[in-house]
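Pasting a structure below so you can have a look.
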Amino acid sequence: MTMLRAEGVTLGYGGTPVVHDVTLDITEGGVGLIGESGSGKTTLARAFLGLLTPMSGNIWYGDQTLKKADQRRFRKDVQPVFQAEALDPRMRIGGSVAEGLSRGERHRVPELLRQVGLAPELAERRPHQLSGGQRQRVVIARALAVGPRLLILDEPTSALDVTVQARILDLLASLDTERLLITHNLAVVGRLCRTSHVLFAGRVVEAGPTAELLDRPAHPYTLALRDAVPKLGGPPPVARGRTEARPAETGCPFRLRCPLAAAACERAPALREVAGRQVACHRAEDVLGG
Amino acid sequence: MPRYLTRRLGQAFLVVAGVVALTFVIMRVVPGDPAVAFAGPKATPEQLAAARERFGLDDPLPVQLWNYVRDLVTGDWGTSLRTRQPVLDDLFQAFPASLELVGAALLLAIVVGVPVGVLAARYKAKFPDLGVRVTSMLVVSVPVFWLALTLQTVFAGHLDWFPVAGEYDRVLDTTSPLTLWTNITIVDALITGNWPIFTSTLEHLVLPTLVVAAYPMGVIAQMTRAALIEEAGQDHTRLERALGFTETSILTRFSLRPALGPVLSLIALVFAYAIVNGFLVEAVFNWPGLGRYAVQSISHADTPAIAGVTLLVAVMYVVANLVVDVLQGVVDPRARAR
Amino acid sequence: MRGALGPAVDVPLRRTLPRITDRLALLGAVLIVLITLAAVLAPWLAPYPADRLDPVLGLSPPSAEHWFGTDSLGRDLLTRVMHGGRTSLIIAVATLALSAGVGVTLGVVAGYAGGWIRDVIMRITDVFLAFPALLLSVALAVVLGPSVTTVIVAIAVTWWPWYARLAASTAASIATRGYVDAARCLGVPAPLIILRHVLPNALTPVLVQISLDAGGVILIAAALSYLGVGAQEPTAEWGLMVVQSQTLFTTNWWAVTFPGLAILVTAFAFNVLGEGLRGALDPRSVRT
Amino acid sequence: MIEVRDLQVRYGERTVARVPELDVREGECVAIVGESGSGKSTTLLSLLGLTEGAHVSGHVRVCGVDVLQAAPRRLREIRGARVALVMQSPQAALSPATRLGTLMRRALKLHGVGGGRIEQVMRDAMETVMLEHRILRRYPHEISGGQAQRFAIALAIALGAEVILADEPTSALDVTVQAEVVGVLRRLREERGLALLLVSHDLALVSTIADRVLVMKDGEVVEAGEAAVVLAEPSHPYTRELLEALP
């Protein structure tokens, strides 16, 4: 049984849904959630953290829904690592790290800082005296303090310089926790996640083993995403389809952008099993065939 | 936009309702026994009872509130203890003169304040900027009643450049009587071509207008300056520079319009402030507006009249805010999208 | 994806202070120190006892003995102006403490909670904002009787909504920051989050606003006394001093000029200091 | 087109960028690569005299104008008309209360494009970057980031610019949109011989488009040369570190 699972979850703000009927298991070996701006990936992360209540569907924590589950246990088990502004500018680093600790456990702060590769002396500093990479390490230390079994990572490195990014990713990979990684960066997913889900306009369009997904995409959006990423010394990035078209309201949401769109695409495609993964596309076989 | 507007209208209505309730609380509940206030401290028990009967003071409070609201809606705003006239009539008589004064003052404040703010922003941290900042700070800090007294004594008293007080020379009422259309003297004089009254009103307007305009002028200049400097820090200013536009042209053609948004919302506030400031000024210059009426009511502890003025000013504030919200959409396309 | 957040809302004040290289703001600060000293030490510094009457010397112009001249009762005006400073400062401090206390508490709760709680608090705020400060004060003065306390209560009643609004919008933007979400995920209860994260970070703009408002409060207090609903004889109060001598302006200019100048200089000092602070923090969030 | 020798940009006592040599020739794409604080954007802005409050020294020639010596008037003549700027923040780089068409029309008039020709020039420029003509009636907040960047390029086309200075033009965009914008830039270079000076933190992106590369760190150029050579056999340890960090 997986620790956290979304089942038919629809999420939104003020009655307007931005995530539609998503079912997602956080399985072992790291789960990636790939999407561009407006895909609803951060919204989904907030639901997994219990910061947002689903409009319909349920988040299951073990065999209980999140609403009914033991909050103390859940808060100890599941912790977030956000991208930016995640440290109170007025608090000393030590105070931030100790936020989840009881008074008697505060002596663990130096040890936690060391665990994320920071000098314990930094505990006396304030966030603005640290570099971006150091701050992100503090955020990780604060999450680790309560001994979580699962980390929800929302773009944990995208605000950082590439060299710093690489070291933070090393740190995350070395941690002994399960993880849900939310990102727009395909390369990062390849490193940290065994399985991945591609999100487009609030829907999962493709899900399966990360390596398979990136090698041979079966959804035209995954394909467009992969080919748009520039590779060192590789061919120039390719723009497939019209990126400015909005997601379609009916039928396949990708059809207005899709170079392969056909009449069938006016019917909404359901997720189905193709070549060892789940795909929501009528023309998945054509995409795989090239 | 229409949906947004309906929501704003709904909110405005709620606020007015709240203001009415608050006025009721202050006027009827807090003072203890309004019957004493009306009938006077030496009233006999019979007179007191009559006053109670007349105001329905023996009814439970919610009923009194209901009656109060009903009276307000039907145009019965009570009777002034001082003039013994219906408050609403008094207000209608005094309001146009206030509008005349405040209107002139705001016009002056905008016409001077905005360009002066632009000037300061164009020469930021240079001499014109410092001059504008110091001057605007001074006019914002000056007590209006004192400024009114000083200008009156110097320019009307000693130098005799302007008339001391009043709206226009009352002798003219007999030599060239004014036909009333809008009840705003200067407008009526203009549309009926009554030049003697028009010029006389203009002369009388100068000093009080300057005094009432001082504060708004200062804040508008400061706000225009601050908003323009903020715009100058935005990325688009850099692009406009990179396109070869001159600094002045960037300021007036690209930055001024988005900067006017905050200036506009300020004007609604300043409008209310100017009306209330106008009260002190009207008292000094004996201007026949709401202010003089209010000040006289205050010195006579004329509760219904004070309540009437308060209510009217509060409603004007709400209306001014609504108007500004609509204008906001005209000036700034981003506001339309909300 | 969070929206763009306003500029520098949660920057601690002490980090913005060194940036005030503005000479004008510095001038304001120096003036405030001098005015405060003169007011606080008035009983010891002033040349004459506060209420010493000297009818023989009534309405004498400025001279070596009486730098600011005397009023119609022969009281030394410099002494009275210094004592008037006490009244003005007491009113300003009490009013601002009262309104900021109420306003910030309500505003922070509204901003953090959002939803209907915010709606209700904000509508109440709107009602009090729509009320003209001066008139509400007058109404209250009629009810409570004219006095310094009335002035304080009356101005505070109309002033707190500004702080509520400011604190609410600041708190609402702070509520979306990562550190608040992180605290919620650690199971920190809402009241503690407000106290630990939201309130301290929402305080900087409020402090700036308070220094900006001090000038305004002093002006309104003077106006109330001028209207006769504020301080009463024999309290020394600048607005009151102006109204007592206004009929004598043409012949005895000093009796009106000096108290008026005292108001002007004090309000000016607070205004330039406040503006300097705000400029260091954020050039845009301007209001009256 | 661009010729830089011994450029130094200082803010007070602090030197934020020092570039001994930088040339961009016709139809060429040169990239300045570095992380935040490397001085790459400052270098780019100094070429148009847009670094306010900075002390700039050295020798900078852009389209035949000595940027550091020229009168403001002379500088304004080449800004926009011969050298165009594309910035990082897409919509924020456009004045919020000005329709796109109004901005373009004002810029064309400023640089002396006559009344009758304006509409045709605007139509052609928009077509070149594959934007629909009706977008000209929109305000900046009504268009997407990719559209905004392509509009900035359209401005350059309409004004007949010969060099585009692009400061992280795609880092605020989604990758799929980035591919599209980069595609437009590449095509303009091939079809019109437009020169491009690109500032970016993304080595992979740079490797697909640039002929030559300057690597900057802490205000200094640590390595420069042919893109293929620098990226294949980096000689400076920092360049190597950058390459290894690529996921």
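Each chain carries a letter (A, B, C and D) given by its place in the written order, and its residues are counted from 1.
Assume a contact is a pair of C-beta atoms (placed from the backbone, for glycine too) under 8 Å apart; a residue touches a chain by one contact, two chains touch by 3 or more.
Since we're looking at a predicted model, the values are computed, not measured.
With steps allowed only between chains in touch, the distance from subunit A over to subunit C comes to 1. Note: the chain lying farthest from subunit A is B, by mean C-alpha position. Put simply, the chain closest to the centre of the protein, by Cα centroids, is C.
Compared on C-beta pairs in contact, B-C and B-D come out with B-C as the pair having more.
In this assembly, the C-alpha centroid of subunit A lies 55 Å from the C-alpha centroid of subunit B.
Subunit B and subunit C have CA centres that are 22 Å apart.
Centre-to-centre separation between subunit C and subunit D, using Cα means, comes to 50 Å.
Separating the centre of subunit B from that of subunit D, both taken as means of CA atoms, is a distance of 51 Å.
Taken as a graph of touching chains, this assembly is arranged as a ring, one closed cycle with exactly two partners per chain.
Touching chain pairs in this entry, ordered by label, are A-C, A-D, B-C, B-D. Every residue of subunit C that touches subunit A in the complex is listed here, in rising order: 1, 5, 10-12, 15, 177-179, 181-188, 196-197, 200-201.
The part of subunit A that touches subunit D in the complex is made up of residues 36-37, 161-163, 165-166, 169, 184-188, 190-191, 224-225, 227-240, 243-244.
Against subunit D, the residues of subunit B that register as touching in their complex are 234-236, 238-246, 253-255, 257-258, 331-334, 337. Contacts from subunit A toward subunit C in the complex involve residues 37-38, 42, 46, 49-51, 71-72, 75, 78-80, 82-91, 96, 99-100, 128, 139, 142-143, 146.
Subunit D meets subunit A in the complex at residues 35-36, 144, 146-147, 174-180, 182-183, 186, 201-205, 207-209, 228, 231-232, 241-247.
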